[in-house]
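Here it is: the structure, laid out below.
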Amino acid sequence: MDALTLELLNGLSLFATLAIVALGLGIVFGLMGIINLAHGEFVMIGAYVAYVTHANGLSHWLSLPLAAVVLFVLGACIEVGLIRRIHRRPEVTILATFGLSICLRQAVELIFTKDFRGVPNPVPGATRAFGVLFPTYRYVLIGIAVVVVVATLLAFTRSRFGLTVRAIVADRDLADASGVRTGIANFCAFGIGAATAGIAGALVAPLGAIEPQAGLAYLPGAFLVVIVGGFNRLWGVIAGALVVAAVQTGVIHFYDAVWAQIAALALAVLMLQLRRVPVEGATA
Amino acid sequence: MRFEAHGLRSGYGSVPVLHGISFGVAQGEIVALVGRNGAGKTTLVRTMIGLLRATGGQIRLDGADITRVPPSRRVRAGLRAAFQERSLFSQLSVGDNLRLSGLPAAEHGRVLAMFGESLAGREAQRAGTLSGGEQKMLTAASALASTASILLMDEPTEGLQPSNVELLGDALAVARQEGRGVLLVEQHLALALRLADRFIVLEKGEIVDTGTAGEAGLADRLSGRLAL
Amino acid sequence: MMALLLGLAAACATSDDEPAAAEPAATEAEAVPAPADEPADDGDAAPEPEPTEAPATTAAAEPAEPSGEPVRIGILFSNSGPAGIFGQPTANIAELIEEDINAAGGINGRPVETFLADDATDPAVGRQAMEQLIESDGVDVVLGTHSSATREAAKPLAEDAGVLYIYAALYEGGECSPVMFNTGEVPSQQLAPVIPWMMDETGGSKWFLLGNDYVWPRRSFELARQYIEAAGGEVVGEEYVPLGTQDFSSVAQQIAGSGADLIFPALVGGDAIAFETQAVDFGIGQSAIPRLANIYEENVLGVMGPPVTAGMRVTLGYFKEVDNPANNAFVARYFEQFGADAPPHMTFSSHIYDAALLYAAAANAAGSTDTAAVAAALEGLSLSTPTGDITGSRHLAQPIYVAEIQSDGSQLIVQSFPAVEPDETCTP
């Protein structure tokens, strides 16, 4: 019973991490049809924001809004300077964001070197709840991630800005021909996507290593979530993260982590087969 | 406000469709653009609104060159198109479609009532679940309800019941009275002959004939053009 | 636009080429006078077989200034990509290799020159790098510290060209080729003496083996299981996680439920940091279940921090804390030359240094740089280096050290096993 409770909590924390890491990737793909191969680097830079915050003796919690701001500005600059010029050509955006990811890694390496960095856990130890001890920080992570993901998705689905954005998702040309400023929507979508990645990076920073290559590890998981959740559905990020977390936690529990990874990839292939033409949004 | 095309060329990829089209639509007039399937009518509408890139010639709005201006800016300058296909956001609700046309929620009821009862009170329904005729009505109604000065209506009567064609004709006449310009793209002559001030016949991407309302033998000439 | 992007990418890529920047500095080394590192023959040298004097540690008062066409030593290493973190110490050591061998009279009277090539932690790039070393730089020998995948990709080129290839990285063992020698630790060396010692030391006997999923952890655990069982212990869990794993919650729960009283983590880089930092909050930190690690190195341990690491034991063939006069002088000189905050000299860079000294000694003994002649001379060649006493063979017999992490984060050598023979058979 306790073991089951713990696995559920593990699954929940994995779900929360996956959802917030994948959120920006889903937004940018869903709204702009752009496969952003530099998304993992946004997460990585968010983690470095947490590191710099810590190195300056400031509270870890401060790093979350800081990372959001830094990454929004960075994302917006990238949209204006790079993405805007090429966003109607999917194959070029893949190349460009791939190149961008290398540039960002190199830039971070120049500033911080290749050395691993870390951020101490601001709330070490475990909390007893539901009859089990579970790491306190993971409760915090679950709470913050869920709030950020839900708030972001609500903003995109309930506001006037959200409506224009959904119109772009549904039919970019028609939105354009209806007077929707797709440029501004892209700018905000890319910036917000990057900002959520930044928050994700700062949030997971105390749980692992911070290094220039760290982004590479986040990208596959995020893609998995977006593939499983459905490309053009914003709320799909939540569904995708739930399914991937459930499958991974389940397979790790009954088999091991290696099979869990294989299962997750098989799931992605299966979903791609079922969905067909997943990049429709990109080529339309 | 006056909308003009000068030697307009356009097409898909390397396939040219329009071979130098020149015409104008002024406020307070309805210009009918007629032609058979494949004549290039829809290509012309898409090029005018900016979804297709002109490969030659110029598009002007009040004398200003807007050939390279993106669609959303043309729309905000007073141009508006009701497309023949994919004219609605089918995944969004009827109300959201109207909001995207720039209509405040308070006016939704009035717009939906334009064609009688059929659309009334269905704001929450997904636009994609409306019947083909209802989608046509919604498309036309939201274009007419917008504040645009120049309307490009691409085959708005296709699939409409005769009684609704009448209602649409009335609404277009009102738009003209209000001082708006309409480009009415039609395959079927009845409505065009009833409403239009001037006629343009498009064939294989070129203007092959023009006419003015009241000209002797116009109806027969146009029918001849569209036959075969 | 494409051209701009490609240009941008190219501009980015050039910053990968740090080894190129290191080369000019390295070529100046000839002018540097003999370093402060004096002979290590302080009586603790292995008495048999009679050690051949290594050039760098020879007490010869005035070795003749080397002259003529340099002997070209290629160094294939990872200076970018995930393993790039170990690149800088190796680049630094390349400088010292030139200085020391030249100061001791070079190889057969000729000076040595080092050529560095980066594999970017990518086997395909590694193969190109090997090709460059052999074809463009015309090296006489390649010393390698990189992944096994790069070794497998690059080895055929060395075999075809008949170039001696000394692989200096800690690895899973089993390599056997006429052109190959190995100076890195293999699992049998790291584990055979240390596992029983660890069980004695802690009183634990129920091991949980947690590794990344590739050949080196798997081979390590295969051997660990034998040694554990031979020592009367048992393996209560053996788990593998993919490289790049970030969430260890389920694994932590398995460990907690396994009843283990010892953990052997064969995790690399970020995975090690993620596991250890998360493990503490799950109640299975070092203070609850002692660790014996076979790869945790200083940078990784530093990021985990002493609250997490204090008490962990690490088994490796070299630590900069190894206490012998030669090593103390060598380490002091390393930090003096490359700065107090230079990435520390560690087991990878140390084994590259050993490989270079072995090669120089063997080539001097053979009177030639001919691959077959040097290979013959390497067999049974004994040297004293900062690492300790080593004896050349297809796999090096070498000392193994156990360091314990102190509460201030420093590493203290708590046990050393001299001249540990590898459990490897290779007669190419």
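Order of writing sets the chain letters: A, B and C. Residues in each chain are counted from 1.
Criterion: a residue touches a chain if its C-beta (ideal position, glycine included) is under 8 Å from a C-beta of that chain, and two chains touch if they have at least 3 such contacts.
Owing to the predicted nature of the structure, the values given are computational and were not obtained by experimental measurement.
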Set of chains adjacent to subunit B and to subunit C: A
Chain with minimal offset from the mean of all protein Cα atoms: A
Pair sharing more residue contacts (C-beta pairs) when A-C is set against A-B: A-C
Remotest chain, subunit B as reference, centres from CA atoms: C
Centroid distance [mean C-alpha coordinates] between subunit C and subunit B, Å: 74
Computed distance of Cα centres, subunit C from subunit A, in Å: 36
Centre-of-Cα separation between subunit B and subunit A, whole angstrom: 42
Subunit C residues counted as touching two or more neighbouring chains: none
Subunit A, residues touching no fewer than two other chains: none
Subunit B residues within the subunit A interface of the complex: 49-51, 70-72, 75-76, 81, 83, 86-92, 96, 99-102
Complex contacts: residues of subunit A adjacent to subunit C: 3, 6-7, 9-10, 13-14, 17, 85-86, 92, 95-96, 99, 102-103, 106, 109-110, 114-118, 120-121, 124-126, 133, 135-138, 204, 206-211, 213-214, 216-218, 221, 249, 252-253, 256-258, 261
Touch list for subunit C against partner subunit A, complex: 1-2, 5-6, 8-9, 12-13, 15-16, 81-82, 84-85, 87-88, 213, 239-242, 244-247, 249-251, 253, 257, 269-274, 277-278, 280-283, 299-300, 302-305, 343
Complex contacts: residues of subunit A adjacent to subunit B: 160, 163-164, 166-167, 170-171, 173-183
